[in-house]
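Structures follow.
Look for chain A in each of the two complexes below; its partner is chain B in the first and chain C in the second.
So, the complex of A and B:
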C-alpha cells in the first residue's frame, strides 16, 4: 500500500468510525476514573476491573445456555453484561472497603486489584475452557449494535453514522457518549455531583456541612467500577467476541492519563480519549504498510508521552512568560 | 437573662490518657457575646468541639434552652441551631461563594440544584446581616476577610442561633477585625448569640459581655468583662502575672547586614508572588514585616532561606550574594531561620530533641570527626541548650512528637540562636505558642537585637510586630508598599491602610 492510499483512508468517514470504536474502551473507564478521582479516591484499578468484567461477560454469556436453561437466547449477552458490571462494581466496592475501612493505601490497593485480575482471569479461563490464551473455543455472545435507519444510502453520512459495514456502532459506543453528558450534568448540576466534587477537593469542608464523605467515596468507587466494567465488556463482547489474556493492554492506564489531560473534566476527557483513539487508529492503518508492527504498536504510548510532555512544556512556558513579564517590570 | 446553653461538669479524657477538660461548667446567655479564652492546650477548643458534636464528652451534660440534649455529630448541632466557624476555613476553593454557602443543603429544582435561588438566598442573607459578599466569586479569588463572612453566612443559612467563632481575628487586618466586630454586634442585635474564642485580650475587652477563662482543662475565671482588666485576664490564663509589654533599649543601628535588591519570585503556577522587593536589615535592629497572610511573606522568607529559588534580584548577606543557593550554604553565610511551618520545616517529629538540635551542624566538629558522629557530644550539647532555653521534656532522647507546641518552638529557637547567626529570620515565631513561651521568644529576639544581630521578624500578628520591631515593612500583593519607622505615633490603623493596599509609600525602594 502506498502512502497515498493510507492518507486517503485516514481522511475518510471510515477512519472516523474506527476512531470511535477505538476510543470507546477509553472513554468508558475514563468516566469511571474521573468520578473516583474527583471524589478524592483515585482508582488505578480501572485496568483490572476492565479485564475482570470482560472475562466475566464472555464466560457468563457463553455458559448461559447451560447455567440458565430457561432463558431465551437474546438474553445471553445481557446476562453476561449484567454479571460483568456486577463484578466491576464489586471490585470498586472492595477497593473502597480496603481503603476506607482498613485504611490501606489506595494506590497499592488498586495495584493489587490489577495483579489479581490479571492472574485470576487467566486461571479461571483455564478452569472453564481448558485454554490459557483465549476463549475462542467458547461460543460467547456479542452485545448488539444499533443501526440508524435510512442513512446507509447516503454516501458519507452512512459510513459516519453506521460504520464501514453499515451495521451501526456497538451499543456501548452510544452509551459512552451518553455517559459523558450524563456525568457532566451530574457533576455540575446535581447536589450529589457537587457533593462529590466538594468531597474530593476539600473533605473537611464537605464533612463540616454534614456530607457523609465515606459514603460519597464508596459510591464514587463503585460507580467507577461500573463504568470501567462497561469498557471491559465492550472489548470482549463488542470490539471482539472473545476474551484474550490481558486483552485490555493498558487501556485502563491510558484512561487515567486521559482524565488528567482532559483537565479532570468530562468533556476534556472525551476529547483526550478521541485524540488517543485517533493515534491508535492511525497505528492500525499504518500497520497495513511495510512498517514493523512493533513500531506501530508504539504509537499510542508515544502519543501519551508526547501529550504529557506538551502539556508540561506549555505549563512551563506559561510560568516563564510570567517570569519574563516580571523581569521587565522589575528592571523598568 | 436565661441561659441558652449550659454545659455541666464536662470531662473529656482522650484515648491516649490526655485529660482535656476536667469538670468544666460553662454557660452562655441568650443574646450575649461570650469570650472563651485560654492558652493553647487549655481545653477551650475541646469544649467547643463537644458543643458542636465533633467530640463526645467522657462525662457531663449539655443543656440547651432548658432541655438536656445529646449532640453526637455536627449534623445534630446544626439542627439544634448551633453553628461553628472554624479557624481553618472549611470552604471549597474552586466553588463560588453561593455554592459554598448552600453546600450540603442546596435549594433544588427537581433533581437539579437551583443556582439562581442559591444566589438569591446568599444576597438576602448578606443584606439582612450586613455581611458583604459577592455570591458568584470563587473562594480562591476572594480575600480572607470575605471568606470569613462566607463562613458566618454558611452557619446562618443553616439556621444557627448560636455561633461559635474559633479565633476569628487571627488572619484579619485591623480594619477587617473592626468590620467583623460590627457584624458580630449586628448579629447580636438580631437575636443571635456568639461565643468568641480568642487569646487576644484587647479583643476580649472590646467585644465581649462576659468572659470564661480556662487553664489546664479547668475554668479559672467566669466574669463580666467590664469588671476586669486585661492584666487580670492574663493572670487567670497563665496563673501568674505576665509582662505584656517588652522593654527595649533605643535602637543602635549598625552596618547593613542583609540587603535585598529587586527580588522577584514567580510560583510554579506562573503566578508572580513577589515583585521588586528591596530592603535592608541593619545590625542591632529588628525589621518587622507586616501584612495580611498570603501577600508573599511566606515566599519572601522561603526565598531568602533557600527553600525556593528567586526568579529575579539579589540577596546579599554581609555583602556576599546568596540568592539561589542551597539552604545549607545560606546558613553557612550566617543566616538562621525560625520557619513558619514548624512541623514541616522546623523539626523532625520522629527524631529526638538532641538530634533536632544538631541538624544544621552534625557534620562539623565537635559533633563529627573524620566522618564519625560522637553521640555523647551531641547529647551534652542538647543538655546544655535545654537548660539554657528552658525546654521542658523527659530528656535529650525524648521524641519531638511528644513535646507541646511551645516546647517544640523553644527547641527551634535554641538551635537557631545557638548557631550564632549574623541575620536571624523569624517567621511567625509565636504562632500556636502559649503566652509563657511567647514571652520567652520575644525576650530572646530582643536580646539578639541588643547583641547587635540583624533580625527580620515576619508575623501576621500586627500587635507582635508593633511591640518588637524598630522598623516595619508592610507587604501587599507581593510588594513592599511601605517601610515605616516604628514609634509611639505609628498606629495600627495606619499600618492597616497599607496592609489593605489603600495607601502606599512613594519610592519605597529608595526609603530602604
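So, the complex of A and C:
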C-alpha cells in the first residue's frame, strides 16, 4: 500500500466518476439553498426536504402499479419523482408561509421541518411497508442513467463520461450540472435574478423600487424546496434504489456549508461540493489502506470553517481600509 | 397589563401543546387500527401502576425510571440551548458537544484506573471541559471574526462525530464485543444508582443542581443580565457597556458544559459504555425544551419532564401498539412551528373574521 497506489487510484477516471456521484446530492440542495439564501431567507430545512422527497419518490414509484393501474411501467420513476418534487416545494412553501405570514423565526422553522421529515418518513414507512429501517421489501423504481454512446471503447474517456461500469451517470447528476449553469444565468443575467439578490442584500431598498419582496421570498423558498427535493430523489432513486431511515445523513447541512464555502456563488458552490465529494470518495478509498477514513472526512468541514474565517478577516480588512480612506478624505 | 401578559403566555403554550397532541392523535388515527389504545399508551405509559392485589406494590417502576432518565438528558440539553437562545445565538452545536462529552468519559473510564469517586468525578469533569472548549470555538469565531455560528457549529458537529468514530474504531473499541462499542466501564467510573430497578443515577441530582445554577446564573448575576441585554439588542448592549464579544463566546462555551454533561449521562449513566451511533439527533431535542420553557431554566425543568414523558410514552406505545414512536417527532415539530408563530393567533382571528364577514355578505346577498 504505497503512496503510488494511492495516487494512482486518485488520479484515475474511475475516481472522478465516484466524485461526481458523491457530489450530486450536495450540488442539488446547495443550489436550492443558494437561491433562498441570496433572497435573504436561509433554508435550514434542506436536509428534511431531501429526506421527505427521497421517501416520497420511493413510495410513489413503488406503489405506482397499484395506485395508477393505467400508467405504463416506464412512468413509475417519473411519477415518484414528480411526487417527491411536489412534496419538496410544498415544504418550501410551508416554511415561507410560517416565516412570512406567521412571523416565525426562519431558523427554528427550518429545524422543525427537519424534525418533521425525520419523524414522518419513519412513521409513514412503517405504516406503508411494516419496516422501520428501510423500504427494501418494496420494489421501487430507479431514475434512468444516461449513457453517452460510442465512447465506452475509448479507454479513459469511456470511464470518465460513463462511469466505471460504462452505464452512464444518473440523470440527476447531469441535471445538477445543468442547474448550476441555469442558476448562474438566472442570478446574473435576468431581471428576476437581480430582484432576488436585491431582496436579500437590502430588502428595504428593493421594496422602495417596487420589488414585492414577500413574493420573491415565497418563490425563493419554493425553488429551494424543488432543488433540495431533486437531491433527495437522487439518493433514493439513483445512488441507491431504496429509502433508508435518515439516509440523507447530514448532506443537507453540508450543502449549507457548501454555499458558504463557495462564497454564495453557484460556480463557487459547485467547486465546494466537488471538494466535499472528493474528500468523501477519498475517505472510502483510503479506508482500505492505513489512513483512517474519518480523518479524511474531517477535512472538508475544517476547510469550511477555515474559509469562513479567511472570508471574514478579508471583509474586515476591506471595511477598515474603506474607513481609513474616508477619514483621510475627511481630514484633508 | 403586565400581570395579564404573564398569564397569557403559559396559556398560549399550553394551547399549542394541546393542539399538537390533538394533531398527533389525528395522524395516529389515520394509520392505526387501535388509535385510542395507542394514544392511551403514549399519554399514560410512563406512570407507575400502584397495585393492591398482593399487598401494596408499585409496578412498572422501570417505565417511571425511563421517564426520569430521558428527562434528565433532555433537561440538560434544554438548559444548554436556553443559554445560547437567551443571547440570541443560534448555536446548534449541542449534538457535537454531547458526543465529545461521552467520548471523553470513555477515555477517562477505560484508559485510567482510579478509585471510585475520583474516577467518576474526573470523567465528569473531562466531559464538562471538552463541552466548554468545543462550545468556545464557535463562540470565539462568532465574537471576534463574525463567523456565522449556524454553519460553524454544524461543521463542528460533523468533525466531532468523525473524532468520535475515529477514537472508537481505532483505540477504544472492544474487539471481543459483538458490536462496535467499548468494553463496559469499570464500576469506579459509573454514576451511582439512585432508584433500584431503574437507571436513574446521580446525574438526576446533578441535573437539578444544574437547573438551579443556570437559573442563578441567568437571573441573579451580571453575566445573566448581559446575556439578556445581548439577546434583546446587541448594539444597545454594546452602548450600555456590555463586552458583547466576551458574552457571545462565553454563552456558547457555558452551553457546551451542559451538553457535555448530557453526553456523560448517556455513557456513564445509561449505557455504561460507548457505542457507535450513540444517539443521533438527540442534541437537537433540547431546542423544543428551551422553546417550551421560553429559555427560563425553571421552566426548562417542567418542559423537559413533559417532553421526556412524551418520548417515554412513545416508546411504550411502539411496543404495545401498531404505531411507531416517531409520532412524537411529528408532535415536536408542530409544537416548534406553532410556538414560534408569534402571529398565529392574530392570523387565525383575522381569518375567522374574514370568513364571518364573507358569510354575512352571503347572507345579506341571499
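One rule holds in what follows: the second predicted complex is superposed on the first by the 281 of 332 C-alpha atoms of A that agree within 3 Å, B and C clash if a C-alpha of one lies under 4 Å from a C-alpha of the other, contacts with A are read in each partner's own complex, and residues count from 1 in each chain.
Just so we're on the same page, a residue touches a chain if its C-beta (ideal position, glycine included) is under 8 Å from a C-beta of that chain, and two chains touch if they have at least 3 such contacts.
Not measured: the values here are computed from a predicted model.
Contact with chain B, but none with chain C, is seen for A:210 once the two complexes are overlaid on the shared chain. In the superposed model, A:44 makes contact with chain C only, not with chain B. Once the two complexes are laid over each other on the shared chain, residue contacts for A:260 go to chain C alone; chain B is not touched.
Comparing chain C and chain B on the residues of chain A they touch gives the larger count to C. Taken in their complex, chain A has these residues touching chain C: 42, 44, 98, 101-105, 107-109, 111-116, 118-120, 122-124, 126-127, 132, 246, 250, 253-254, 256-257, 260, 292, 294-295, 297-298, 301-302, 304-305, 308-309, 312-313, 316.
Chain A meets chain B in the complex at residues 185, 189-191, 194-195, 197-198, 201-202, 204-211, 315, 318-319, 321-323, 325-327, 329-331.
Chain B contributes residues 74-75, 78, 84, 86, 88-95, 99-100, 103-106, 108, 111-113, 154, 158, 262, 264, 266-272, 275-276, 311-313 to its touches with chain A in the complex. Per the touch definition, chain C reaches chain A in the complex via residues 27, 31, 90, 92, 141, 145-148, 150-152, 154-159, 162-163, 165-166, 169-170, 280-281, 284, 287-288, 291, 323-324, 326-330, 332-334, 336-337, 340-344, 347.
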